[in-house]
Structures are given as structure tokens and as C-alpha cells.
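This is the structure I have questions about; it appears just below.
In this document, chain identifiers A, B, C, D and E correspond to the written order of the chains, with residue numbering beginning at 1 in each.
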Amino acid sequence: MNFQDGIAVVLLIAGCFFYLAGTVGLLRFGDVHSRLHALTKADNLGLMLVCAALAVLAADWRISALLALIWLLGLLAATVSAHLIARHARRGWE
Amino acid sequence: MTEILFVLAASVVFGIGVWGLLIAEHLLRKLLALNVMSSSVFIIMLVVAGGGPDGPDPVAQALILTGIVIAVAATAFALALMVSIYRKTGRASITEKGDDDR
Amino acid sequence: MSQILGLAVLFLLLNLVAGIWRVARGPTAADRMLAALLFGSTTVAVLLLMAEWMTMPALRSVALLFVMLAGIVTIAFFGLPAGKDEQ
Amino acid sequence: MDTAHLVDLLLAVGMVVLALQVVSERAVLRSIILFVVFGLVMALAWTRLQAPDLALAEAAIGAGVTGALMMMAWRRLLIINPDQPADTPRGRSRVAVPVALLAAALVATIGLSALNIDPHANGAGLIALDELTDTSLGNPVTGVLLLFRNLDTLLEMAVLLIALLGARAVSTPAHPNEAAVVETSAPLVGALLAILVPLSILIATHLLLAGTNEPGGAFQAGAVLAAGGVALVLTARLQPGERPGVVTQLAVTAGLLAFVGIGVGIMAFGEKLLVLPGTWAIYVIETAMMVSIGLTLALLFAGAPALVGRPK
Amino acid sequence: MIAELLAGLVFIPLGATLLVLLLPRQARGYLCFTAVLALPLCLMPLTQAVWADGEITLALAEFTPPLGIVWRLDGLALIMLWLTAIVAVPVSLHALTSFPPGEQTGRGFWPLWLMLLAGINALFLSADLFNLYVTLEMITLAGVAMLGIGGNALALKAAMRYLLLGLLASLLYLLAVGLIYGQTGALDIYLVGERLETDRLAATALVLMITGLLVKSAIFPMHVWLPAAHGNAPGPVSAILSGLVVKVSLYMLIRIWFWMAGDWELPAAATALGLLGAGAILYGSLAALIQPRLKMVIAYSTVAQLGYVMLLFPLASINAFHAASYQLLAHGLAKAAMFLAAANILWSIGTDRLHALTDLNRKLPVDLFALALAAVSIMGLPPSGGFLAKWLLLEAAWQQGAWGWLILISIGSLLSAAYLFRVIALTCFHPERRHVPTRWQSPPSSASIAALVLALLAIAAGFTSAPILGLIDDSLPPGGIWP
């Protein structure tokens, strides 16, 4: 368990914690909008931390670049989806 | 151990697919059940074909890949046929009583 | 190290199961789409962890594919006028 | 029971629960979303069975394209008759449960007893692996699909073309209120498209080129292209056209044209039928197949003979 | 030279489809017709080659089994290819008028028809279990798509039921192929036959495969989808479905039963298949007796006539083999002729209800004559091909002293005579039922000639038995349980 693994483990645990936060938010929060907050923000942060942990483990710039691309795409998908879900939910009630 | 778990799961999913196919009235549900069944058949095919040190049998993987593409082609055509039936008869189901050989 | 990766994969899969419950129960269509979004990002994380854990580099391109599809399926969902019970 | 077995157990249980949900759910839309999630779990199951090619195919084709096709078909039913009952009554077939149990039991006994038979000494799989060494390919699955058993792949492209021709032949005239233009006012969607569509083309070519040595290939690449096409159709950037022009027809038949052209044309040069001359032939055929699969699935999704750009 | 001809059989129709999609509208009809005409031309030299030195094999992409796919052309495959080529030409002639290439329906029909021909030829050539699955899917999808052309509600619903049952049957077949591949590591029928040992697993796989194929060939009690599909299909499509598509999975059943599971002793299963055939004969004939519409009578007659082929399994002898392959040939020709004639009648007076078909013999002499000739062959009256098939079957049953099958065949023939005479009587001999048809349009002469040509060929099949039976003699299965 050298230093590199140590960092990776810490990042991994943080990532899993944020995923947990996202899921708990999804299940516990009252309405769609608050669930949106929980889900898009927490999950994406979780994904970033997991990608960071794996980048540290892989220690190869190509893999890290791919992980960064995947995270950015995840961010993009989450933001646009959150916006669409919010509009859809709000328009649904009019 | 992984194989046994997935074979059991696939067999149960196959049974669920058959059950779904028999009870479904709506054509879309029948197609969903058929797709679920074909996924379980593919899993069983791969597991039964066994594998070597570097991954499962490549020929079996090629057969399953061909099967997946044929399944999506058949599903796409069936959906187009369903929409035509709906446009023509206003119902997306073919299990009327006694219209079989009118 | 691989033990920890395995545990992380296991943990994220449990999140997936929670998501399934929300899809089943979620009152409105937006909730269901929310849960499907959760599946998207969780599955991507699981795939990336598995790529490291089972040393299968190909899984990273699968994860890349998933992330892209998540965006498109969300758009696919929104062209959809909500059905009767979805309001 | 180390973590690997727990993960498999969770995936197996997830598969069964999701399958049950997909089939027993009353609301059709919910079943479709659950089916997409079932596709995701299937992709994870394929990774656990050490088959990344199939995980890629299941993700791109099984969950992505099939889910989108079903959602579009359901949407078309909704547009035709908005007060479509969202949840559908269940048929009262008494024979369903016993038949289902019998089928499950039969398949379980087959699967389990098939597990402990050791594969045949010189099975096709082993021969494929050592035949692969003297071809320029690294990925055995692409080798089997394009070199050793390429008639299957050729006829499979024919099946895809038949599905498209059949969908055109069977389509009845559209319902009047189906011509309603898709609402495209969502601002952010344009931005997402501007990123996703070029990216889907990039990823598709990556999968195609990687296909020779690692998991990937024409089918997965074609499905990714189709996903890009689906996004364009949904946001009305591509609208259904009336008559397929020569370009559409050429693109749709490109895969078969390349395969038959090279595979049969080679006989004029004295080679045997369907022997591919070199790696260049594999790349040409795979690119052509990617284009045809992508366009065919997009056309099947749009349910129209052709797709035209948005009128300015 | 042989390899080019084999390739021609599959890739000429496939290439023609691609050209049809790319070429401008005018050239389409004639391109399609020439592509269909090319098939018999390819077959002639191939028949010569098979006649000279027995079975021809061609390893595709130079990879031999167990890895590669091999095309095998032996007597049985050649006869089925000849049936396809012979039925295809008149049907295409009929389709030139019923689905004019310029019109919308024509644009849908011709590419599918050529793709179907390519699929059928590829299936008859292939001896690889998975390749058979892919070609079977091609044929089923193309058949269902053609059934749906023209968009009449009954045809669309029948097409959907046919498609769903077809997909379920293909799934069972695919599962069986997966199991057999898991056990033997091979997919070629001959190789699998050698490597497959008769344990419980292989038997289950065989049962799954046979069930799938029985559903596809609409053998009783899985025939539910056929009458509505063939009875409501537009114009020549019902001739294609009944004449060719239904026989394809029956041919596969014979191949798998005798070539793959050849040396298995399965008397119980054989009699079970025979009983299914018996059920098909009786149920099909009785149902055909009470049908109000002409095309439904012919559709139920298909269900019945396919039952005779199933009698090959319990009576597994050289004569039975001759009889079954002859029945496939003769029934294909006669049934296609009947459906073409029925299509002309439906086209000219707008309905095919039997009570409306009065004194047609004056108005549609050619079609009525074709219908009568084809009925003679289906009934099994001499000198037709059908008669020869039933005669060989009776001989086979007689040799083995199988009185049960003997009685069944004769009852079947009587019943078929009953329902076909009913049709002939209603159309020709009931002047007092003066029901003037509402509209009258004489069908194009080429359509009537197409029906007549096929009917004459069905009768002529009765005379040319020597070469055909000779071909079958040197392509008997290796199993060798031939008394």
C-alpha cells in the first residue's frame, strides 16, 4: 500500500460517499427539483473523484485523458438533462 | 461460480420472458418480452460455449453479436408493423376474439 | 488494492438497486428519468472501476459509449408528450 | 464469498428483478425505461463474463438503439391517439405461469448440465484463435466475423436491409396529426447536439479502427452513429423526407455493396469466393457497414423512407 | 466454374436488389425479371455437375469446418433449388402485373422478393447450423414484409402473428444451436452428426430445434398462424409463401433429422412426428371443407398437404424419401398455381367467396383450367406429380406393412378430393345460383398464363420422375438405416 495507492483509496472512498449522498438525496427528498440538485451535483462529483482515483492508479496520461473526457461528458449530460427534466417537470404541472 | 449464477439468472429471465409473452395484450409488451428472452438466450449460449484462458470462445461471441444485430433488425421491423396496425385498426393488439380465419 | 476496487464496485451496484426502486415508485415521469440518469452515471463509474479491477482496458470505451448514450436517451425522453398517468 | 461473487450475485439478482419489472409493469413507458436499465445490467453481466465485445454491442445496440426505437414507437402511438391508456390491461392466460415455470426449469437444467461438459478437443473456437495468428487481426471476434465466417456477416447485413425495406413496404399512410413538428425550442439541446453528434462520429470511427485489435467493430460503431442520428431526428434537425434520393439508397446499401463487390468480385482474380484480399478490404468493408448500419437504424427510428436536413 | 455458378445463385438476386434500389425507376421491372430468369440458367450446368460426380462442396473463404462455412449441393438441395427457380419465374411474371415495378406497391415488392430468393437459395446451399438460422431469419422477415404490402388490416395482423411466432421459433432454434455448439465445438451438420453423442443434453437440444422448425413450417398443432397469413396475402405473395417459404423449414427439419441425428434410434419421436403429420392431414382437410373463401380453402389445404411430408419420419425408407421430396416438389408447383389462379379470380370479381364464384368457366377459362389442373395434382389423381408422391408414399407404407399410415394416406386423399371438388363444383356447375358479380375486370393475360404454366408443370412432374428420383438416390443420408 504505497503512497500512490493511499491517495487512490482516499479519492475512491470520497467518490463512493458522494454517490451515496446522491442516492440518498434521490430517495429521501420531497419533490423533483430538490432531487435534481442531489442527483446531478453529487453523482457528478462522485464520478470525478472515481475518475481521479483511477487516473492516479493507472498513472498513464492516455488513460487519464480518456477518464477526463468521460467525466466532462458526464458533466455535460448531467447539466443538460437536469435542465430538461426541470423544464419538463415544471411544464407538466401547468 | 460466475457462470452458474448467470445461467440460473438467465433461465429465470427466460421463464419471465415466456410468461410476459403469453400474458401481454399490447404488442409493444410482447416485443419487450421477446427481447428480454433473447438476451437470456445469448447469455446461456456464451456460458455453454465455455472459454479458454484469454476469454470466452470467439466463435460463440461472433454468433451472439450476429444474434444481437438480427434481434434489433427484427424488433425495428416489428415496431414499424405495429405502428401500421395501430394506424389501420386503432388497436395495438392482435388478440381479438375469433378474428383468426375470417 | 483490488479488494478495495471490488468493494467499490459492490457499493455502487447497491446504489443501482436503490435507483430501481425509485423507477418503480417514482410518481412522475421526471422521477423515472432522474433515476435512469442515476443509472447512467453509476454504470459508467462501475465500468471504469471494473476496467481497473479485472484489467480489461476495453471497458473504458464501453464507459465512453455509455456516457454518450446517457445524453442521447435523455433527449429521446423529452420529445415525448407525457402519457395519461404521467401528469 | 469474496467481492467478485457478491458482485455477480447482485448483477444476477438485478437482472431477474428488472426482467420481472419490465414484463409485469402496467405502464408501457415505465417498461421501456426499465428495459433500457435491463440493457445496462446486461452490459455489466457481459463484462463479468469477460466478453467486452458483447458488452459494447449490448450497450450500443441492446440498451441504446432498441430502447430509443421502442420509445419512438410508443411516442408515435401517443401522437396518433393522445388519450391512449398509458397502462395496458393484462391478458388472462391461465396457462402462462405453468408454461413459464416449465420453460425456466427446462433451460436451467440444460444450462447447468451443459456447464460441466468440457468443450470439444478441436472446437471451432480454438482453431479460430490459432488461425488468427497468421492474419493481421488482433481481435478474434472480428476475425471470425470478417474472415472465417464472413457469409454470416454478409447475410446479417441483408437482414438489416430487409428490415428497412419491410418497414417501408408495410407502412400505411401517416395519421393527420402525426405531422406535428417536434417542439425544438429547448435552448440547451442545440448546445448538447453541437457537442454530442460530432463526438458520436469520432467515437464511432475510434471503435471501428480499434475493432481490428481490441473490442469494437462495424456493428458497435454503426450503432453509435445511429445514436447520433437518433439525437438529430429527435430534435428535428433531420426531418422525414418523402422519397429516398440516390445518396440515401447508396449509403443504406453501402455495406452490402462493399461486401458483395469485394467478396464476389475477388473470384474474377482467381481467388475463392468470399476470401478477403487484405486488411485494406477489411477496413473498406467495415467502414461501409458502419455507414449502412448507422443510416439504416436512423431511418428505422424516424420511420420514414428518407431523412432531409431542416428547411432553412 | 462451379463456384461461380453457386455464387451466382445467391449473389445475382442479392446484387439485383441493390441495383434496383440504386437504378432509376424505368429499368427496375425488367432488371428484376432478368435476375429471376438467371436462376434456372445457373442451375442447368450445376445439375449436370451433380449428375456427373455427386455432391459438390465449396468452402467459403477457404476455411473448412469446424471453423468455416461450407456450401453443399446434393440431390435433395438441387431439387429444392429447381422448385424455387421454376416457381419463381411464373410468379415474377404474375407480379409484373399485380405489383407493377413503377407503382408504390411494386417498389416495396420487388426488392423484398429478390432478397427472399437470395435467402432461399442461400439456405438450400448451406449446411451450417448457424448460417441456416441467419438465412431462415432473412426468409421470415422478407416473407412477413411481403405479406404486409398493400396494408389490408387482416393481412397486417396475420403478418404480426406470423412474425411473433417466427421470432419465438427462431429463438428456440438459436438456443439449440448454442447448446450443440457448446457440446461439439462445430456447426457443420455433417461434422456435428459425427461428434454428437446421444446423451440427454443433445436430445433436449434436438427437441428444441424440431419444435422451432415445426412452428415455422406450421405443422399441426402449431399451424395457427398459416391460414390467416396465406389466406389474406396480396396477389402472388400467398403463392410465394405457400409454395416456397413454408417448405424451407420442413427441408431443414429433414436435413437435421437424417443428416445430423441420423444414427440415433428414435422410433418413438419418429412416430410422434408422424402423428403430428396425421393430425395436420385430418385437421387441415376438415377445416378446408367448411371455409367460405377460396383462398382460405387453399391455405388449409397447405396445412394438410404438409402433413404428408411428415410421414417420412415414421416410414424412414428409400421409397419414403422419394415420396417426401416428390411431395415437396409437386405440392410447391400445384399450390403456387392454385394461389395464382385464386389471385386472378379475386382480382377480376373483387371477392373470393365461394358462393360468388358462379359460372366463371365462361369468363375466366384459363384460370379455372389452371385451378382444376392444380387440384388434380393436389388430390393425387394420375397422371400428376401429386399422384406419384402419394403412390410412392403408399408403396413405402405397404412395404413396411404399416397399415395405419396406409389408411391415413387414403383417407387424406379422399378428404382432399372432397374439399377440392366442392370448389370446382361451386365455380363450374351451379348455373341456378345466378349471382352476378358486382364488378368485372378481366385479369391481364400474362397473369392467367403464369397460373396455367405452373399448373401444367405440376401435371408434367408426374412424367419426369426418373431423373429426379435418380438424383435423390445418390444423396441419401449417411446414416444408412435404409431397409
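Keep this in mind: a residue touches a chain if its C-beta (ideal position, glycine included) is under 8 Å from a C-beta of that chain, and two chains touch if they have at least 3 such contacts.
Note that the coordinates shown come from a computational prediction; the quantities given were computed from them, not determined experimentally.
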item	value
Those chains which touch chain E and also touch chain B	D
Between A-C and B-D, the pair joined by more C-beta contacts	B-D
Per Cα centroids, the chain farthest from chain E	A
CA centroid of chain B to CA centroid of chain C, Å	22
Gap in Å, rounded to a whole number, between the CA centres of chain C and chain A	11
Centre-to-centre distance between chain D and chain A (centres being mean Cα positions), rounded to whole Å	28
Centre-of-Cα separation between chain E and chain C, whole angstrom	48
For chain B, residues that touch 2 or more chains besides their own	44, 48-50, 59-60, 63, 66, 70, 73-74, 77, 81-82, 84, 88
Overlap residues in chain C, where contacts from two or more other chains coincide	19, 29, 33, 40, 57, 64, 68, 71, 75, 77-78, 86
Contacts with two or more other chains, residues of chain E listed in rising order	67, 130, 134, 137, 141, 144-145, 148, 151, 156, 159, 175, 179, 181-182, 187
Interchain contacts, given as pairs of chains that touch	A-C, A-D, B-D, B-E, C-D, D-E
Complex interface listing, chain E residues touching chain D	3-4, 6-7, 11, 14-15, 17-18, 21-22, 58-63, 65-69, 108-109, 111-112, 115, 118-119, 122, 126, 130-131, 134-135, 137-138, 141-142, 144-146, 148-149, 151, 156, 159, 175, 179, 181-187, 195, 200-201, 204-205
Residue numbers on chain A that touch chain D, as the complex places them	73, 76-77, 79-80, 83-84, 87
Parts of chain D lying in touch with chain C, wherever the complex brings them together	2-4, 6-7, 10-11, 14, 17-18, 21, 25, 27-30, 33-34, 36-37, 40-41, 43-44, 47-48, 50, 52-53, 55-56, 59-60, 63-64, 67-68, 71-72, 74-75, 78-79, 82-87, 182-183, 186, 189, 192-193, 196, 199-200, 203, 206-207, 210, 214-216, 220, 224, 227-228, 230-231, 234-235
Chain A residues touching chain C - in the complex, by the definition given at the top	1, 5, 8-9, 12, 15-16, 19-20, 22-23, 26-27, 32, 35-36, 39-40, 43-44, 46-47, 50-51, 54, 57-58, 63, 66-67, 69-70, 73-74, 76-78, 80-81, 84-85, 88-89, 92-93
Residues of chain D that touch chain A when the two form their complex	186, 188-189, 191-192, 195-196, 199
